[in-house]
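Shared between the two complexes below is chain A, which has chain B as its partner in the first and chain C in the second.
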Partner chain A sequence: MTSVDFSEGLRERRRYRFLTRIWKSRPSLVIGLCIFWLVFVVFTALFAQAIAPFGYAEQSLLERLNPPAFMGGSSKYWLGSDNLGRDVLSRVLYAMRTSILIAVMATIIGATVGTVLGIVAAHFRGWVDDVIMVMVDFQASMPFLIVALAVLAFFGNNFVLLVILIGLFGWDGYARIARGLVLSTNGQGYAHAIRTLGVHPAKVYWRHVVPNMMGVILVQVTLNFPEIILLETSLSFLGLGVQPPATSLGLLLGEGRNYLATAWWIGVPAGVVIFLTTLSVSLLGDWIRDKLDPNLQDKSE
Partner chain B sequence: MIPDLANGVLATDLVQAYPDGYRLFGKPKMNKAVDGVSFRLHEGETLGIVGESGSGKSTLGRMIAGIETPYSGAVSFWGEPYAPVGSFLWRQQRRHVQLVFQNPAAVVDPRWTIHAQVREALLTHEALTRETADERTQEALALVGLGSMGHRLPHQLSGGQLQRAVIARALILRPRLLICDEAVSALDVSVQAQIINLLLDLRERLKLTIMFISHDLSVVRHISHRMGVMYHGKLLEIGDTQALFDAPRHEYTRRLLSAIPVEKPRRSKKREIDNSRAL
Partner chain C sequence: MGAMSIHFLLTKLARGIITLLLAMTFVFFVLRASGDPAQIMLADDASPAAMEAFREHWGLDRSYLEQYFAYLGSVIRGDFGVSFRDGRPALEVIAERIPATLQLGAAALLLTLVIGIPAGVFAALRRGSWVDHLTMTGTIFGHSIPNFFLGILLILLFSMTLRWLPSSGTGTIWHLLMPAVTLGTASAATIARFTRSSMLDILNKPFMRTAKAKGITPKNRVLRHALPNAAIPVVTVVGMRIGGLIGGAVTIETVFAWPGIGLLLVNAVSQRDLAVVQGVILLIALTMVIVNLIVDLTYGWLDPRIEVHNKRKATA
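So, the complex of A and B:
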């Protein structure tokens, strides 16, 4: 009986090894595709105006609900047209611009606010630390979407508020990471040692601590970024995000929902873009994390 | 002999205590890491502090360096008290007392070249032109035998070389007092010897006052003029190194000294603690 157990375990291990080997032999391709896609997305976001065949609000009521060109529709509308006769391709391109802009700005806001608060908490300790950490716990335990909906409903909708609100999503992650790193380096590490040279703490943080934290923060950014895209998508889908006639990926998805059975091409392209973008950033984040972690680096060799 | 009261360090009844957790009612019990230590560190001398782990020797060193405020008692540093930790005056006082730590890799910024890190220490306290600062930095690195390695990053140096860089960073400010907290404990024996010889050499050249904290008795014997023995936060005895080795007065010191490994164990006197039975 023991021999059966043994071979079972061996086979299990061999299968596992097989899977890891596939994963190991492929990452350059997968990561390459991710990078390619993200470059494409940024390019499109920057040059939507030049690339898009139509304006995002350009309607033509006679050309409503045209199927995509490859499904026998008019070659004028590559990805078909929506219920108001607007070109879906153009709208997706413009939507990418809006969504990426919001996501990038919000990520920068969240990363900055979170990192600074984390450093402040770790530097001052005591009640400052307590207050910030309670805020972190509060943020982590509240369903953010509901808070965001309440704030947007109460203060009315505008683009700046939307960006700030989305930016505050996920700051707690940055704060926790920054706090932990600063605590460890303040205790026994180089920050403590450099401070005993007489260097002002602000300079120590700016010159030494923050640059050393960048790798970890960058990984957190790649983990946070897809969530932010999805949050913007959800808010727009619920009608409290980007307002028509402006468009975003979430808004497109929401509009397409009504026509999912009859004209699926209105919503699906936006969904595909969201899916590919979030997946790419996540995979890239994993890859960067593995690259930055010396322990994992050693194991793979 | 009239002791020189203005120069050197005078520690008076130093106590360091940490709260033993938090209590909802009443004050927490205080754990004393250092318990009433007084001594004098004369200018130009090297004082060794020995003791087992947890005996409070590192905490004592941190208080003497002024990076930790004593719970009670006072440190007089060349006749002056230390300013509150983190204050402007405190930062200025840093140039006069420098520390060398146990693990050199942990106390340098992994992203800066060692030249830049040594120069940063210099520029923190002196307004110099870039050229002068670079020159002085180069001198300091040459002094510790790293003249050609300034452009390297910390991970491109060995442990011993990195410890030399840390010593250069500490000494470029020409401090009055250098505190070595287990400065050679993490290095292997041949490198330890190099660092010790470097310190002895620099002590002569720069007229350094050194407080050398270590659990390694033979190293302390080699480097220090006087030495103190710590146990459970108390300074059991302090005195001339040779005298202390020849005639330890305290029972604990006697046991500690008998635990030093010797070259020919069979010929040595019977040890006070029977290690074989403990194992």
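So, the complex of A and C:
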């Protein structure tokens, strides 16, 4: 029996345990609605072109500031049109694509960077650990919106920088979790046993420690993702995130702010979408956390 | 005990100074990495002589290490450079905005505590009741709604439709009301959640049963026994939320045209008035360090055991 066989067996049992646990539990109506909304959001983000009745920049200056169809406006514009005669519904759909795309990429960046740094800190200990933890403390103590604004001020705005910047928000949470989990698993017998068999530490982490972490990391994602959406939409709302002609949910709300008195429908739908999305992820996160940690559930009930 | 307190204080102080140094290093690094500071910090039409004077003032002709220390020196003296918008020292421009932000922040923090803590306590005391469910649902909503969207909804309702409150500006308590509510909502939600779970933990502790057995009235049990013990995690979260309030102030001040630091920062960023931007950043870093220090000291005061624990962890 080689060391590879041994680790394969362990992996199969451990890797997706958290998924089976979630799968087996019955979601309530509210959770069902949350899942439905999030599926809808992802679907829209993927197929915005096919769904949207108009292009996001398609102007029609004769049809400016049309109220939504349900308020007696033209039936051509379900949610009305904005100050340049652009269809609000289409713009919201395209904005969902941008905002979700940025949020997903940023979450992946933050989770990866944070988890890797956390593992590195726990593996090497000593000064490496100290340096990383000082960075974690620094990150946690500064309001990130401010840091992001500063970097955008110094470097100017571009899409790649924006995504990377938003991605670096929240890495400290993942780092702290990963570090703690690695420190505790390293003390456990199985990690020691595998290492004694001569398996490279990187492989031990990748095959055994990381899969074990996935449940906790997933919960952290559900906490981090809404905050990332809020960060991007805040920056765009301030006019310092996504730049026109591209759209983002925050940018739409920012544009709508100037027409609150006359045409509230320009901004409000985008705000509702942001709200429903962050709300759904938060509720879903709470629910997953309960399912993953039976101890926690006992305590709160 | 005394020695331990000093040790505790010094550790925390050292941490704060490291954070400040990191913030200054961060700004220095970003400033140098983004191009020639003379060109960025001065207006486009600055004369070559002014450029030269600027370079000399900031020691840009010297080595990076020397520059770094020169930079630290001037920042510590409070010299953040000159705002190119109105030619005044950045510190002066920033200082005149501080009162407005302090006013807004204090009002929001007050609302946070006055709403968040009682809501959390009542939810915990009446666990499973409609009060609890209502509070918890409220906290999830309060936490999920983007503060700028909440601000806009409030403006739509109270300024545009009902015409009760002014939508922007400053001066009276009516001007302060909506921005403070908007800014405080998310924090109040967080505080309520933490207070609830912290109270639930404490209410199950044996000493609470003892207190009940001793015949202490429910009111005194909650106020004298449960609340002080439940306060410790809540203090941490309040400290953390102050960072959130500062970040939130940036968007809220923009929504309500509130003439504070946040609005100044947003304008400075759009106009690339970098002297002001770096001044605001460093000032906020300083604020956060002081807040964290206060939180740590409050800990030690609320629970003397914490410093012993901390010391053990530090030497382990």
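Basically, the second predicted complex is superposed on the first by the 265 of 301 C-alpha atoms of A that agree within 3 Å, B and C clash if a C-alpha of one lies under 4 Å from a C-alpha of the other, contacts with A are read in each partner's own complex, and residues count from 1 in each chain.
Throughout what follows, contacts are C-beta pairs under 8 Å (C-beta built on N, C-alpha and C of every residue); 3 or more make two chains touch, one makes a residue touch a chain.
Fair warning: this is a prediction, and the values are worked out from it, not measured in the lab.
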| item | value |
| --- | --- |
| First, second, both or neither for A:51, with chain B first and chain C second | neither |
| Partner chain in contact with A:131 - chain B first, chain C second, else both or neither | neither |
| Broader residue contact with chain A after superposition on the shared chain, chain B or chain C | C |
| First, second, both or neither for A:39, with chain B first and chain C second | neither |
| Chain B versus chain C as contact partner of A:199, first or second or both or neither | first |
| Which of chain B and chain C A:108 touches, first, second, both or neither | neither |
| Contacts of A:211 with chain B and chain C, given as first, second, both or neither | first |
| Which of chain B and chain C A:149 touches, first, second, both or neither | second |
| Common interface residues of chain A - those touching chain B in one complex and chain C in the other | none |
| Chain C contact footprint on chain A (complex, rising order) | 134-135, 137-138, 140-147, 149-156, 226, 230, 233-234, 237-240, 250, 253, 256-257, 260-261, 264, 267-268, 271, 274-275, 278-279, 282-283, 286, 299-300 |
| Residues on chain B engaged by chain A in the complex (per definition of touch) | 65, 67, 86, 91-95, 98-99, 101, 106-112, 120-121, 124-125, 169, 173 |
| Chain B-facing residues of chain A, complex | 188-190, 192-194, 196-201, 207-208, 211-212 |
| Interface residues, chain C side, partner chain A - complex | 15, 18-19, 22-23, 26-27, 30-31, 33-34, 40, 140-141, 143-146, 148-149, 152-153, 155-156, 160, 167, 197, 200, 240, 243-244, 246-247, 250-251, 254-255, 265-266, 268-270, 272, 274, 277-278, 280-281, 284-285, 288-289, 292 |
